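Presented sequentially are two complexes of chain A, the first with chain B as partner and the second with chain C.
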Partner chain A sequence: MGQFEVQIVNFARLVMLALVPYVLASQGTMLGGRTGLFNVAQEGIMLVGASVGFLGAYLYDSLFYGLLLAMLVGGLFGLALAYFTTTLKMNQFVIGLALFFFGVGLSTLFYKFVVGVTLQPPLIPTLQNVPIPGLSQIPVLGDIFFTQNWLVYFAVLLSLFLYYLLYQTSFGLELRAVGENPKAADSLGVNVSRMRYGTAIVGGMLMGLAGAYLPMVYTGTFTEGMVQGRGWIAIALTFFGGWSPHLIFLGSLFFAGVEVLALRVQIGGFGIPYQFLLTLPYIATIFVMMFAFRWVRAPAFLGQNYDREKRTLA
Partner chain B sequence: MSEQAMKPGRRVKALAGRLIPYLLAVVASFVAAGIFIAAMGFDVPKAYATIFFTSFKSPNGFVQTLLKFVPLLLQALAFTVPLAAGKFNIGGEGQLIVGAIGATAVGILFAGLPPVLLLPMVILAGLLFGGLWAAIPAWLLYRFGINEILTTVLMNFISFSLIDYVATAVWRDPAAGHPTTIPIGAGGELPLLISRPPLHSGIILAVAIAAAVYVYTNRTAAGYELVATGANPRASMVYGINVRRMFLLSLILGGTLAGLSGAIEVAGVQHRLIEGLQSNYLPLGLIIGLISRGNSLAVPFVAFFIAVLEVGASAMQRTMMIPVEMVFIVEALVLLFVLLSDVVRSASLWDRRQ
Partner chain C sequence: MKGVCKSFGTVVALDDVSLQLNSREIHGLLGGNGAGKTTLMNVLYGLYKPDAGEIYLRGEKIEIHSPRDAIQCGIGMVHQHFLQIDNFTVTQNIVLGTPLKNRPTLNLDQEEERIRELSERFGLEVNPRALIEDLPMGFRQRVEILKALYRGVEILILDEPTTNLIPQEVDSLFQSLRVMVEEGMSVVFITHKLREALGVCDRISVLREGKNVFTLPRDEASEEVLVKGMVGEELDVEKSVLFSSAGLDQAALEVGEKPVLQVEDLQVVGEGGNLAVKGCTFQVREKEIFGIAGVAGNGQRELAESLLGIRPIAGGRVLIDGVNVADVGTRELLEMGVTYIPEDRLQDGFLPAANVAQNLILGYHHQEPYNKGGFLDWPTIFRVARKLISEYDIKTPGPREIAANLSGGNIQRMMLARAFSHPARLLVAHNPTRGLDIPSMEFVYSKLLERKKQGMATLLLADDLDELFLLCDRIGTIYRGEIVGILDRSQFDKYEIGRMMSGIRTRPEGMPAYE
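== the complex of A and B ==
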């Protein structure tokens, strides 16, 4: 392989690596949104996931426990969102923002209580690559797709599974119906609030996992605000992907690409101030949203609470 | 029955009915946090005494509180004004930063001008730049219908890079270790009210602005259109209010308020641009705005309360090693309990009707 090919393969490998938090967080957002529950606490849940994921891995010396703990806490956040909005019928955006604050505060609080203030932050080992036997031997493709950590495989399989679940099963049809017209779904015997609780909890778990991925793959430690807006970008991504698992996956590829590109150009120099390259993902998000609105159709009942005792919707 | 028509006794009762849920919410959050602090092995009464009384024990503590109160008040208003129209401005942080950049730029470029000219220019630059920064998401909402929560937040992240660029590449102060610009001209500094400990006159400006916002939203026809838009956009549209233009206007107005807080930080406190001068004013401003339920009369009081907690919290971290984030959790809990009190009240109203 020539120099150029090596560069391309490296780039593609990094894109696959950077893809994971976007896929997990935005598929989690999509799941809730498809039942009408609009979670805006991604950034906070991911921060808390990063914090407890790191701490779990650090204290128990096991990345697996860290990931499990991050999913548990993320699930609790999802449960809280579902309880306040579905059971108590409170405004989804307000509760989402409140949970975002909790996430931001708790992430640093947990870290300070467990680790304290140190000059040298403790490190955890990063996730190992798990080459898939056979497939990883394929030239080029094997390096890019089949020699990654297992969360990369999980993100891909999850997207495939969600596509199957939403569009090929009757359960998926019921789930989507709750987000489009909960009254109709309710009259057909679908339990609207149970559906919302379910997607909120699973969505929260995925966001927690997305957060825990960051210290386990990128830095090896937790730092304040380390999610750096990926949670908010995940919301944009979900819109961009039209609330469909397969398009969200493609959108994540695009955003991961922009992120890696900004990083590469920064290292390469090229005379552009690095501050401007850092803004690339955010500016790309805004531009994409400007064009996405033409084709995107969000779930009709997105962001609203369903009250079965009311005669009208909304 | 309108409030004016009530007898004094009933008015007191009505006010108490509004305040009691707040007090209960505050007590409940401190009890919840106290259990946590005690479980971590800290002295709870001492911690709470530090939180509540640091602001009132010394002139220094009180001035510190007022200096925190100014940006918190303006940040909260930057959130509540668009909220009155039903829009969420989560971009106060970026609008503060860009407002501060504008103020600094004018303060440095026209450093030689006398205070009569330079000070108003610095303040106006803050207003203008903050408003322009908010105009981008406002326009995206107006033209393309893009959710404003998302775009205002993304603009924050862009502003972080912008301030880093200005403070390290454009007007860098080579003597400072942290990214900082050279100072603005002396004419751009806000005059001091008290020199020791220093308290700048921006507080008068902030309080005047808060009063103006109250008058605008509660006593003028234009402000009423804004509030009506938030209360029922469809009915307002039928009535002939240009709802989308109200959204645009409210967000830009919010941006100018946040930009003003940036200009005051530069002209009153730092006298230069320092990376990180936005502190955690955005989340606190949001919490203040939500606790006040968007009521612009309540905002200054809640902002002062939060300023007291914040000053107390940093004293608590210094003397007792309890992380400041503990108080952030308390504030988020207060918000949650205040919101919950609405649910409880509407449920009990429902019971009475039955």
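== the complex of A and C ==
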């Protein structure tokens, strides 16, 4: 392989690597949204996930425990969101924003409690690549797709699974119905609250996992605000992906591509100020949203609480 | 159902209501707005939790906590506002919530077959693969009924099922209901329309203000008896506009010659960016009530709003008293004597947090005598408000009362008072009596006719054909933003208009009036 080919393969490998947090966070957002529950606390939940995941791995010396802990805390955030909005019928955006701030604060607090202030930040080992026997031997493709850490595989399989679940099962039909018209679903015996609780908790778990991925794959340590807006981008991405698992996956590829590109150009030193490059993902977000809103259809009851006995004015 | 009570906050919606439904009967549940018909049935269907009362099914006491329980007891309900998911197919909407046999994939062929079979048996034809959003109202109604039939219900509740149907569809719905009853089902038919209740029901129960009034077999019921039951003794049936069309026919002859409103090839862009009104042409003359019939959502709202300058005119001309008003703002239009009663009075018609007096002068607040040199003249405003409140019989503690505390009927009286508090040349009224009780409806009609005599031109857009037939001198029918045809009072025929409402222009020779 020539120099250029190696570059391309490396780029593709990195894109697959950078894909994971986007996929996990936005599929989590999508799940809740499809039942009408609009989570806007991604950034906060991911930060807590990163912090707790790192600390779990650091304290118990096991990445697995770290991931588990991150999912647990993410799930608790989802549960809180569902409780305040579905049971107490409070405004979804207000609660979501509150949870975001809560998550930001909590992430640093946990870290300071456990680690304190140190000159040398503690490190954890990063996730190992797990080459898939046989498949990883395929030239080029094997390097790109089948020699990755297992969360990359998980993100791909999750997207496939969600696609199947949503469009090919009667459970998926019920789930989508709750977000499109909860009253219709309710009148046919679908339990709207249970559905919303379920997707909020699973969605939160995925966001927690997405956060934990960052210290475990990228840095090996936790730093304040290390999610760097990926949570917000996940919201834009979910809209961009039309609230469908397969399109969200493709959208994640795009954003991961922009992220890696920004990094590459930065290292390559083409004389472009790196501050400008850092803004690339956000500029991409703005452009994407400008176009996405023209053709994308969000679930009809996105962001609206359902109250069976509420009487409409008219 | 025995002794059912239900309150929302401080409002008592049901007060010790009982209802007995026999097997194999169509039972009419009749009452004005706020009588508690829908609330009672929502209790039966498990949507509302009753504060008190018991439900018995075939002599056994049952507990219904959710629609799921109701369905299990064999009770199905078709809501007035269809509970459907627009971007799902007919089949998906119907099977939603039922356990499916072929689990691993969502292949619905088997279910589809069953739906076809049910459609055929009950005369409810619909394509199971069509998307809901592509279907006209009549078909969506059928889907809603099929949903209940698919679940094998024995008791079917229909809440105001004829609201958006054309007369032909109403007839075919009634035929389907008859088939169901013959097959052993029982039907509860909620309505506020007397004629429908008398036309299809075996027995009729009347509710008023959340209380039972009486239950009668059809043979013993008549329009007069039912109206008395619905409104109490308040209404003088003898003098009522509702029951005297002879006088109105006379009034129809007195239509003036001079056109007040001339609409020529009008085009208006709707919410979605498409043309909602595509080339309408008609005139409304002095002393004329010109009706626009049509299934809701065929451009009526856009038409009305464009005449008031709320929505820009995209093409064509609108002349009021000969003046082109394409670029005239809403304020100038109001000054020219155009007034408007919007369809959605709660949303577009009034300020809920402002008081009654403020609402009564809204839109005229910048004019004399309310406004003097930029300052509001409150003593005058309150004096006028008090006068209007008594003249229009608005039930409120006083002009300082917050408008949101008024009942629907009184809000409409307030809107009417505002629209008529100034010398009006042209009134655009969109469903002015929707949701009103009979005395309020009666009041609106008499005011409209009074103004008509004084020379006002009225454009009346209404979903209710009975209302149009009662009041209008001519009726134009709108379908997908086009006026399909205009009929004179002597030509009024509900099936003819029904055909036009579904887009058919003329009846071919030799074809029966209703197929």
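To be clear about the criterion, the second predicted complex is superposed on the first by the 310 of 314 C-alpha atoms of A that agree within 3 Å, B and C clash if a C-alpha of one lies under 4 Å from a C-alpha of the other, contacts with A are read in each partner's own complex, and residues count from 1 in each chain.
Definition applied: contacts are C-beta pairs under 8 Å (C-beta built on N, C-alpha and C of every residue); 3 or more make two chains touch, one makes a residue touch a chain.
All figures in this text were calculated on a predicted structure; none of them were measured in a lab.
*Asks:* Have a look and say if chain B or chain C is in touch with more residues of chain A.
*Replies:* Touched residues of chain A are more numerous for B.
*Asks:* Just checking: does A:108 make contact with chain B only, chain C only, both, or neither of them? Give me first, second, both or neither.
*Replies:* Touch status of A:108: first partner only.
*Asks:* For A:187, decide between first (touching chain B), second (touching chain C), both and neither.
*Replies:* After superposition on chain A, A:187 lies in contact with chain C alone.
*Asks:* In the overlay, answer first, second, both or neither for which of chain B and chain C A:170 touches.
*Replies:* It touches chain C, and chain B stays clear.
*Asks:* Just checking: does A:97 make contact with chain B only, chain C only, both, or neither of them? Give me first, second, both or neither.
*Replies:* After superposition on chain A, A:97 lies in contact with chain B alone.
*Asks:* Pick one for A:290: touches chain B only (first), chain C only (second), both, or neither.
*Replies:* After superposition on chain A, A:290 lies in contact with chain B alone.
*Asks:* Check the residue A:127 against both partner chains and state whether it touches chain B (first), chain C (second), both, or neither.
*Replies:* Neither: A:127 stays clear of chain B and chain C.
*Asks:* For A:232 in the superposed arrangement: first (chain B), second (chain C), both or neither?
*Replies:* Only chain B; A:232 stays clear of chain C.
*Asks:* First (chain B), second (chain C), both or neither: which does A:15 touch?
*Replies:* Neither: A:15 stays clear of chain B and chain C.
*Asks:* Contact-wise, after the overlay, does A:73 reach chain B, chain C, both or neither (first, second, both, neither)?
*Replies:* neither
*Asks:* Which part of chain A faces chain C closely enough to touch in the complex?
*Replies:* Per the stated touch rule, the residues are 167-170, 172-174, 176-177, 180-181, 183-191, 297, 300, 308-309, 311, 313-314.
*Asks:* For chain B, which residues count as touching chain A in their complex?
*Replies:* 40, 88, 90, 140, 144-147, 149-151, 153-158, 160-162, 164-165, 168-169, 283, 286-287, 290, 323, 325-326, 328-329, 331-332, 335-336, 339-340, 342-343
*Asks:* Can you list the chain C residues touching chain A in their complex?
*Replies:* The touching residues are 8, 45, 47-49, 66-68, 71, 77, 79, 83-88, 92-93, 95-100, 103-106, 147, 344, 346-347, 435.
*Asks:* Using the touch definition from the top, list the residues of chain A that touch chain B in their complex.
*Replies:* Residues in contact with chain B: 40, 84, 88-90, 93-95, 97-98, 101-102, 104-106, 108-109, 112-113, 228-229, 232-233, 235-236, 239, 273, 275-276, 278-279, 282-283, 285-286, 289-290, 293.
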